[in-house]
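Look at the two complexes coming up: chain A is in both, with chain B in one and chain C in the other.
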Partner chain A sequence: MSDEIKDEKPKKPKVPRQPMPEQDAHKRARNFEEVTTGYTEEQALLEASRCIQCKKPLCTTGCPVGIDIKSFIGLISEKNYLGALGKIKESSLLPAVCGRVCPQEMQCENVCIVGKKNEPVAIGRLERFVADYQGKHGGGDLPKCAPSTGKKVAVVGAGPSGLTAAFDLTVLGHKVTVFEALHKAGGVLVYGIPEFRLPKAIVEREVKVLEAMGVEIKLNYVIGKIKTIDQLMQEDGYDAVYVCNGAGLPWFMGVPGENLNGVFSANEFLTRSNLMKAFDFPNYETPIKKFKNVAVVGGGNVAMDAVRTALRLGAENAYIVYRRSKDELPARAEEIEHAGHEGVKFQLLTAPVRVIGNDEGWVSGMECLQMELGEPDDSGRRRPVAKKGSEFVMELDAVIVSIGTSSNPLLFQTTPGLGQTKKGYIEVESEESCRTTKKGVFAGGDIVTGAATVILAMGAGRNAAKNIDKYLKDGEWWSKENA
Partner chain B sequence: MHEILKKTVWSDQVPRITEFVLDAPEIARAHQAGQFVIIINGETGERIPLTIAAKDAEKGTISILFQEVGASTMMLGQMNEGDKLMHVAGPLGKPTHVEKFGTVVCIGGGVGIAPVHPIAQAMKAAGNRVISILGARNKDLLIYEDYMRAASHEVRITTDDGSYHKKGFVTDELKGMIEVEKIPIDLVVVIGPPIMMKFVCKVTEPHKIQTFASLNTIMVDGTGMCGACRVTVGGQTKFVCVDGPEFDGHQVDYDEMMARQRQYLPEEKLAVDICKKKMCHSA
Partner chain C sequence: MEDITLKEIIDYAKINEDNARQFYLNAAEHAKRDNVKTFLLALAKQEQTHIDRLNELDKIVDKGGRIPKPHGIVKPLGYAEHLGNVTIDADADYQQVLKFAMAREKEALESYQKYAKLVDDKKAKDLFLLLAGEESEHLRGFENQYDDFMKEIENW
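Let's look at the complex of A and B:
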């Protein structure tokens, strides 16, 4: 094709990136319904038409699990939505979840070639569209499972990592039992991420699919308490165990006043609201406090979820208190934007020094220091440094601490031979193999990487399933000495 | 699902004290003295932590005992033999540190007598001389007397109003044992209302008698994931559900703990009012 002809070719009218329909910001800031309502079919087709079907697409390289993005978008353009979903499911078990919660702007959409000159293709929204399409219209069969191998695998923890591993292992013909400490399966997807961002019905649907495939999910089983991992293998006959119990232990700041009434971990606040549905108290029996002036300390997804939950419970002033600047906020871009529209106030470059209480032991304020950004630290982000004499007090009646989580020590205490890293996570040969220092025991997800993302936890579940299958066939293990 | 095999109403006074024997074979097998379960009653229920008061590993049963003080426990009290509890998770928490100490005094106040029972049993089985002190507001509210007699070498009882045995508090009895009777005591284990545990510790501290207190804080998950149960012990924040429930009683900040326990009083009151209305309607 000569250049002349190319120039003469009428240019396709440029379709702009399709905006995500959402509830009005004022209205949604007071309800728990989903913020975004999802693309219509027309929008999805328009957005799919923006994909230029690159010969060498970069988007797939930006996806932690390598979804064949180009093909699934091509199938959307052909209106073959279930085909598109099938394409995604070749690499990811939970598209309805990941379409909603993945940080696409740092992954696939960050490297999208259309995005070099224009706005990138809205890959996440399209992923969500096909998953919701199936949710609404049905269709798509249960996956075919290989004939039974007679092998039994125990999965500890029913978060995204465990659910993914259970799915893959069942397809491979192994009998899987998932042990979950809480009374609902889903991990962070049910106790952490709020309904307004991820409707729980979606997670329930995925769990039902697993059960229909023959996965047994045992709720209220805290492994290490009711049974140890050794008991699972020696007494109950499990041939391998996949440990994916998350990184759920909340950190507190270690500042004075942190045990005052009105100070919560984000995990507590969110668990009450999401898992226990305390936002609907007293129809649900678990209570939650409704505060007027709430500060959430932290800047990640968890912090955004907590602050927006506080707002929905009726807070007049809901603040994010974060010690770096807006550019460093680790939360998904969309969540920060939504929070801002809903009226969340960002108290940036601010670090708490102590929580102040009243005579009855309740929070009345928080003393903070102003920060400025200094030299970059190990993470490459500029280190916040306190400004001398910049102390000031925020008047508050609640402080929600959301500065991260670490690993629960329980399984280490009860599992001899399970190695632990310096940071307290489970030691593995590699994140690829998921093999721990204990023969037959694999680990992945947040308990290996530290708090990360749903898609990485799912990817780990995939890797684990592949390696467990191999181990069940050849019985080979590694040793640290030879590694 | 866990069937209620037996229901016993220990006291019909308001608030009622009720015991369920539950079918829970795996929990019964794993249970050690001092551990608790979290139960949820129904789709809209809350997670209620209750200490295991007794177990029969062979029959595969555990006993839980509760006072109907809140809406959730009132509704729990409406359940009957043959009904099934939706969720029971456990055993949770660290078991009591049991070894041969010598003379162990096990103190239970009110419904706290029930959770002290398996500890007394275990201490006796480990070769200790077990003296138990049971305290109740009045005779009718005293529970588990026979069980405690079987689990102890000696039982002493106090009631606030003097309606049964000695009039007074468990602390009076303990003080008498230490200061008047001069009984050498190697360990005290106490479970009851926080104020009682605080004062028991005040009695034992000057005599340097090691004292375990089992704390009953507010909990949500009971697995170490939320920190709702946190207390200050020896200046450090601890999670009762995973680091406890038992701690060195002399190190516990009881005042902070009591303040934290009052967090949801207004909500609880509201829930109780609604619950009472509902029960009137259904009655």
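Let's look at the complex of A and C:
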């Protein structure tokens, strides 16, 4: 046990952790409204009172961007909600988003000292409360920006990383243009995470703030197709470029039948539903076929989002098909629990080997193999082993593949000098500096780390802004040979 | 099966390994993705180490020495079952190359096991089993890599 923890002598909080109010599971499984409805003011005050205001808090060390959690919770207890929000915003641009989607149980709440003997303080829920408070009641000024430096920065991708970098760079006095391939800004926050977990109005509100600060956002603008990074710098006069285009290229299973109608990547399925609002067809233009029996292959948060979306779109049976056991499901515990309550069926230790089609070329089933966990190997891992002769067929009319994503090769193919890692992501000097192998070009977020989290992508955007600002002042670069 | 000398068996294995090495080199030349190119070159190098190992066995045979005893088959995880006809083209990604490599090792393992059953000569049988054992280790290596890869990409 560390000294910090010994010092604190956690007292038993007088009140239990406040539960998050949520829609009834049966009802919500068929609508797209937000599952959790957020704390009331009374609940927020009760929950804030559970924080023991440690002398040496660990929660901040558990937060990837180091939010001063103790102080913001203290401000909530004083009913200074906008003050609390301001405190969070010193380190994080999107509290309404992070309060909803951050895996706090693995971060700040995991190290909360109250949590050593009792349930940890519900930090994420409190973060969401103050952000929603401002959303409802208004307040909070636009940030003050430094006088113009006359420097221009291009940001490629309007996901959480790009939005954060654009914000910080604008505050520092630089002129920022964000280039976004899709017709809406927000990245995964708008095209991936479904409305029932993250209402899109929240992201739109944050994007409007950026625009009000003077950030220009060019939509439907694919860098690498319309303009290359070199053209941005050489022809359009951008002094630096921040590449944060995410890792949105889906992996497929590579099994026969994967090109049948009715097989989707989770990204395509979620984009149709979220961004194109297919769930509200014909009010919106994009249709989506109603499927009766849907299998989502994969066990992460994206898979949970896809399977819960399939249920809401009317599936009678929605399955998670995952090759490992329940204990290894990579999705957040809360998402797995929500999915289970809503009626999702878990087909675990199951590996698809072939998608089967009917005469019209549509999915009619999927042949799978049963797996079992093998003996622990040298690394202690129990790998799934195929059971001989265990083939069976699931009757399905849609298969959604959600086994992971990687980087899109477009920018590498069109940007000479942009280094690539063995795993296919952009090579940087370090995640801290965000400097790529090409002078003036920085990179961060999922395109550097591989699929990670919103808060890490935002943290990268903040690092990038700091280092771009430095580069615009001193023009210094690094060389791989000297590194 | 007709009598086959130990040298002939080793030559046959060397041709197999060299075919694989050439295949990976050729695929690397055409691969569009840098990271896949690097992986294919590493595989070609790995095949070269297998050829080196066979050359050592060859020398032992030349000197009339003793070929090591077969050390058994490493049980595969079964990921190479049902792979179908995997090929590598210029657009191939890391996963496709891994699947190809698993399919190739499985085929080699099974052919050595088959020959081991067909020959009567004890020494030839043992040599085939030794080679089968080594292929089973390679297969398991790729299966482990495949499982690690699946684990790694499935983050969210």
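As a convention for this text, the second predicted complex is superposed on the first by the 462 of 483 C-alpha atoms of A that agree within 3 Å, B and C clash if a C-alpha of one lies under 4 Å from a C-alpha of the other, contacts with A are read in each partner's own complex, and residues count from 1 in each chain.
Criterion: contacts are C-beta pairs under 8 Å (C-beta built on N, C-alpha and C of every residue); 3 or more make two chains touch, one makes a residue touch a chain.
The shown structure was predicted, so the numbers you read here are calculated from the model rather than taken from an experiment.
When both complexes are overlaid on chain A, the residue A:N301 reaches chain C alone and has no touch with chain B. Once the two complexes are overlaid on the shared chain, A:F264 sits against chain B while remaining clear of chain C. Applying the stated contact rule after C-alpha superposition, one finds that A:P330 touches chain C and leaves chain B untouched.
In the overlay built on the shared chain, the residue A:L46 is in contact with neither chain B nor chain C.
Shared-chain residue A:K227: touches chain B; no touch with chain C. In the superposition on chain A, A:L373 contacts neither chain B nor chain C. In the superposition on chain A, contact is made by A:N408 with chain B only, not with chain C. The contact surfaces that chain B and chain C form on chain A in the two complexes overlap at residues 409.
Residue ranges on chain A touching chain B, taken from their complex, read 181-183, 191, 219-222, 225-227, 248-250, 252, 258-259, 261, 264-265, 267-268, 271-272, 276-277, 281-287, 289, 360-361, 408-410. Across the complex, chain A meets chain C through its residues 251, 254-256, 298-302, 323, 330, 353-354, 369, 374, 377, 383-388, 403-406, 409, 412-413, 420-424, 450-453. Within the complex formed with chain A, the chain B residues making contact are 26-27, 30, 35, 38, 40, 44-47, 71-72, 86-92, 220-221, 223-228, 230-232, 237, 242, 256, 259-260, 262-264, 267-268, 270-271, 274.
By the touch criterion stated above, chain C contacts chain A in their complex at residues 32-35, 38-39, 77-79, 81-82, 84, 86, 93-96, 99, 143-144, 147, 150, 152-156.
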